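Scrolling down, you'll hit the structures one after another.
The two complexes that follow have subunit A in common; it is paired with subunit B in the first and with subunit C in the second.
So, the complex of A and B:
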C-alpha cells in the first residue's frame, strides 16, 4: 500500500500558480497523478526531480460511485462519485445541509448508528465494498478513525482517553506498551509537551484546542489508515485552529485525511483536493438534497473551477 | 416626517391596569399558599410522629425493645431487632430482584432498543409502576409463594419474607429502571459516538463509557429503591407471613413483620389498638425509626442525583 511515491513536481512553483504563502511541504500536484482527474498534459513543462513517474497514480483509498444516502424517505445525498487518495488531505466544502458530513459519516459507517439511515450505490475502501453485508462496522471504524466537530473527550484521565481505543481493540494492556502508545499518539498530536506531567488529570480540564488535539491523539492511537475530520476546528479559536491545521500537514505523511469544513480558507490552506457540495431543493417536497458539484485539485478548485456554482461559492458570491 | 411620540408621558401611563396588577398579586399569593400547605402537612406529620413516639420512648422499659422473643406489641414486648431483621431481609431480597432487572431494562431501553421497541417497553414499565401494591401483595402470596418460593427451598402454602421480598422487588423494578435510564440518557450522545468511532462495540461503550459517566444516577436509583422497599407496606403485610405478632427469626423462609407491616397490623383489625399501655405509642415509635431511615436514604440519594446534574 505504499505506491504513493514522492512524485515531486515543482511545476506549479515555477509557473507561479501556487499561492506564495502556502506552506505545503509536498508540493506535488495531485491533478497530474490521478488518471481520473487529469486535465493537463503531465510532464510538458515540468520534469520530475527524483525520477519518479509523474503519471504514477496515488493509491485510491475510497472509491465512491453514485452514492445515495437516505434518512427514511428523505434523500440527503444524491449520486456522489469521487476518489480519495492515500496520504492526501481531501476537503469537503459547501453550504450547510449539503450532505458533506453525511457523506463523511458513510466512510466509517457512522451512519449505522442512525436507525433510519440507508446507503445505496458503491463505496469501496481499498477495493472492498464497505457496505457488504459481511463487513462489520466496528472493524471498519478501527481502521478509519474519526474526529468530531465538538471536542468530545471522555470524562476520564488524559491517559485513559488515549488508551481507550488500543485497549478496546486489544492492541495493548495497561503497562509500558500502552504507555508508549499513549506517548507516541500525544506526540503526533503535538500535545505531549503540554500534558506529559498531568496524564492522570481529567481531560475535561483541558482547553478546547487541547481537547480537540487529545481527540486527534485518541483517534490515531488505534493506528488507523484514514482519519475523518468533521469540522474539527469549528468550535476552536483561530490560534487553536492554526495548530490543528499545522498538525494535519504533519499527519498527512502517515495517514490519509478527509476533512469537512465550513471554512473555505481552511480548505484552501490545508487540502490537496477539494470537493464542493451544494444543495438542491426538491420542488415537490421542499426537502433539500446534497449534491457533489465538483471535485478536483484544491489548486484548480480555488483558481479555475470548472463549474460556475463552485466559482460563485469560492469567491463568496454564494453560500 | 417629524419624530412621533406621546405628547405627554406620566407615571400613570406606565403603571398598567390596577385590576390586572391586583389579580397578578392574588394569583401569586394563592400559589404560595398551595406550596405552603404541603410544608405544613409535612410539619404536622413529623409533629404527630414525634409527640407520640416521645411518650413511648419516655415511658417504655427499654429492655422490652431488645433481646426479646419477638414482636408482641399487645403484650408489651417490642423487640426492634425482629422488625429490623425482617425489613433488612425483604429489602435485600427486593434489591437482588430489582437491581439487575431494573438496570438491565434501563440499559436495554437507553442503549439497545430500537425506537419501536422503546415505544412498546416504556409504557409497559409504566403500567408495572402503576400496579396497586395490594394487587402485588396478592400476587406474591398466591402465585410467587407456591410457584417461585416453593422451588427455591421455601414453603409454597404461606407467606414468607422471601415471597414478600420478591414482590417488593417487582414493585421497585420500574423505579430503578426509570431513574437509571434518565441517568444514562443524560450521558451526551457525543461520548457514545466517540467510543463507536474508536471501534468499540455497543456493550463496550455501555460498560466503559455510559455506565461510568452515569454512575451517580445509578447509585441514586438504588438508594431511592431501597428507601421505597423499606417503606413498602401492603406487599410485606400480605405476603410476609405474619399477622399481628412475629417471633424473631433470621431465616428468609420464615414469616415475619417488617417495620411498616408491624405498623399496618397494629393499626388494622376490629379490636382497634388495644393492649398494654404503650401499644398504641409503639406504632409511632416504629414509624419514627422508619421515617428517619428513609429520610436519611433519600438525602443521600438526592446528593447523588444532584451530582449527575453537575457533570457535563
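So, the complex of A and C:
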C-alpha cells in the first residue's frame, strides 16, 4: 500500500466507501479491479469483504495492524495494532509526542494533507483498506468526521455552519430538507434549544462550549459513521466539558467515537476502551517515536492495567 | 524502568495511610495476647484498659476512613493507587472489627469473673489467642509487604484456629455435662471461643483484600461462579432473602 498522495479515483467517487448497514447501499470492495462497481449484480454485494469482520455482537469499525506513520524519515508511530468497535467510545491517552493524535489523523486520512506523511501497515475500515489507492479520501472524511482541539466554526451563520457539509456532499439543498438536517444535527449536538431563535447569527458569537458543540453538529450533519475527536474539551471550561462528555454518551448510540485526550479522568469517565501510548527515545538519533503500550477496556486500564508503563502513567509516576 | 515521581504529596499521603493501617493493626494485634492473659487470669483492671484502648482504635479507624475518602475525592486515584485506597478501607474495617472482638472478650472477662474454668478449656483458649494473634500478624505482614502468596495462604492457615474452635466447643459441652460450671459461664466461654474464631476469619478477609491490592483479584469469585452456575442450571438464583 502506498500513501502520502491524494488517491481519488473517479470510478470510486460514485460508489464511494460505504460501510455495511449504513443508510446507503452496501459498500463496494475497493480492492477489486476498478470497473464501474454499479454494474455488479445486486447479490454480489453480500459477498464478504476482504478482511472484513463477520457481523458479531461487536462490530469492528477500524482494524489497525502494525501501523507505522512517518513524516519523511522520522517515524512518528511504530507498529500500532488495535481494533475500534462500533458504538463504543475509544480513548487514546498518553504524554505529548506519543503519536495518539497522529494515529487519530490516520483514521480519516488527515495525514494525506501533510506532504511528507507516509503510512505503512494495515488500516481497515469495515474491512476496507483505507489507504488503498482507489479509496476516495474525501468520501472517507464524510463518513469519518472530525472535531478538533479548538472550536473552529466558519465565520458564517450558525445555520450555514451546519448546512455546509450536507450541501457540499449533495445530501440536500437549501429548503425544508436542509432545515431538517440542521435542526436534527443541532438537537443531536444538544445545542438546538440554545440557538434555535438565532440560527442566522454569526457562529463566532457563540461561547467556546457552544462553538464546540456546533462543530460536533457540523460533523454529524453529513451523517458520518465515525466521529474522531482530537482533545475536544481542552479549550473548554469544566461545565462546557461536562456537556460535551454527556453529549458523547448520547452520540455513541448512533456513532462510533474515537477521542484523543490529555485528561486521563476524561478518558476514564467517557470511554469504553482506552489505548495508552508512550514515547520511545532513540538514543542515537534523539528522535521520539510513539508506541501503543496497552489497549483494553477502560475499567481494566484504570483499575488494574497489565503493563507497568500504563500503571506508572495513570498513577502519575511517568518517567 | 526509570520513573519520575510526579505526584509526590499525593503518594506520600497514600504511603502514610498504609503506615497508619499497619500501626492500627499493630495496636489491635498486641491487644490479643493482653486480652487472653486478662481473661485467663481474671484481671479486671487490664480488661478495663483493653475496653478503653478499643475506643482509641475506633478513633484511629474513623480518622483513617476520612483520609481515604479525602484521597478518593481529591486525587482521583487510579490503578494500583485506587486498589491501595479501597484495600486500606477494607483493612481498616476488618482491623477495627477485630479490635471490637477483643473488647468483647474483655467484657466476657467480667462476666465469668470468679468462675473456675476447666484447665482443658483454659488451654484451648490460650492456644486460640495465640493462633488469632498469629493470623492478624501474618495478615498485616502480607499487607505491609504486598505479599500475595502469604495473603492467599491465610485461608489454610486459619484451619488450625477453626479446629481449635471446634475442640473448645466440644470441651465446653463436656464440661457442662460434668456440671463443672453454670450455663451462663458456658455460654460466655463459647462466645469467647467464637470471638477468636471470628478474628481469624477477619484475617482471612484481609488476605483477600491484600490479594486484590496486589494483583486485582476480587474476593468471593468462587461464590459468584457458583451462583452463575446455578443460574445456568435452573434459570434462576434461589431466593435467599425469604
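To be clear about the criterion, the second predicted complex is superposed on the first by the 261 of 319 C-alpha atoms of A that agree within 3 Å, B and C clash if a C-alpha of one lies under 4 Å from a C-alpha of the other, contacts with A are read in each partner's own complex, and residues count from 1 in each chain.
Keep in mind that, in the parts below, a residue touches a chain if its C-beta (ideal position, glycine included) is under 8 Å from a C-beta of that chain, and two chains touch if they have at least 3 such contacts.
Everything numeric in this text was worked out from a predicted model, so none of it was measured.
Of the two partner chains, neither subunit B nor subunit C is touched by A:214. In the superposition on chain A, contact of A:181 is made with neither subunit B nor subunit C. Look at A:309: by the touch rule set out above, it reaches subunit C but stays clear of subunit B.
Here subunit B and subunit C are compared by how many residues of subunit A each touches, and B touches more. Of the two partner chains placed around the shared chain by superposition, subunit C is the only one that A:317 touches, whereas subunit B remains out of contact.
By the touch criterion defined above, A:267 lies against neither subunit B nor subunit C after alignment on the C-alpha atoms of chain A.
Legend: residue contacts after superposition of the two complexes on their common chain; A:257 is shown touching neither subunit B nor subunit C.
Residue contacts after overlaying the shared chain place A:115 against subunit B, while subunit C stays out of touching range.
For the contact definition in use here, the subunit B contact set and the subunit C contact set of subunit A share no residue. In the complex of the two chains, the subunit B residues touching subunit A come out as 114-115, 188, 190-201, 204, 208-209, 212-213, 311-312.
By the touch criterion given at the top, residues 1-7, 10-11, 76-83, 215-216 of subunit C touch subunit A in their complex. By the touch rule above, subunit A contacts subunit B in their complex via residues 108, 110, 113, 115, 138-139, 141-142, 145-146, 148, 150, 152-156, 164-165, 168-169, 215, 218-219, 222.
Contact residues on subunit A toward subunit C in their complex (touch as defined above): 264-265, 268, 302-305, 308-312, 314-319.
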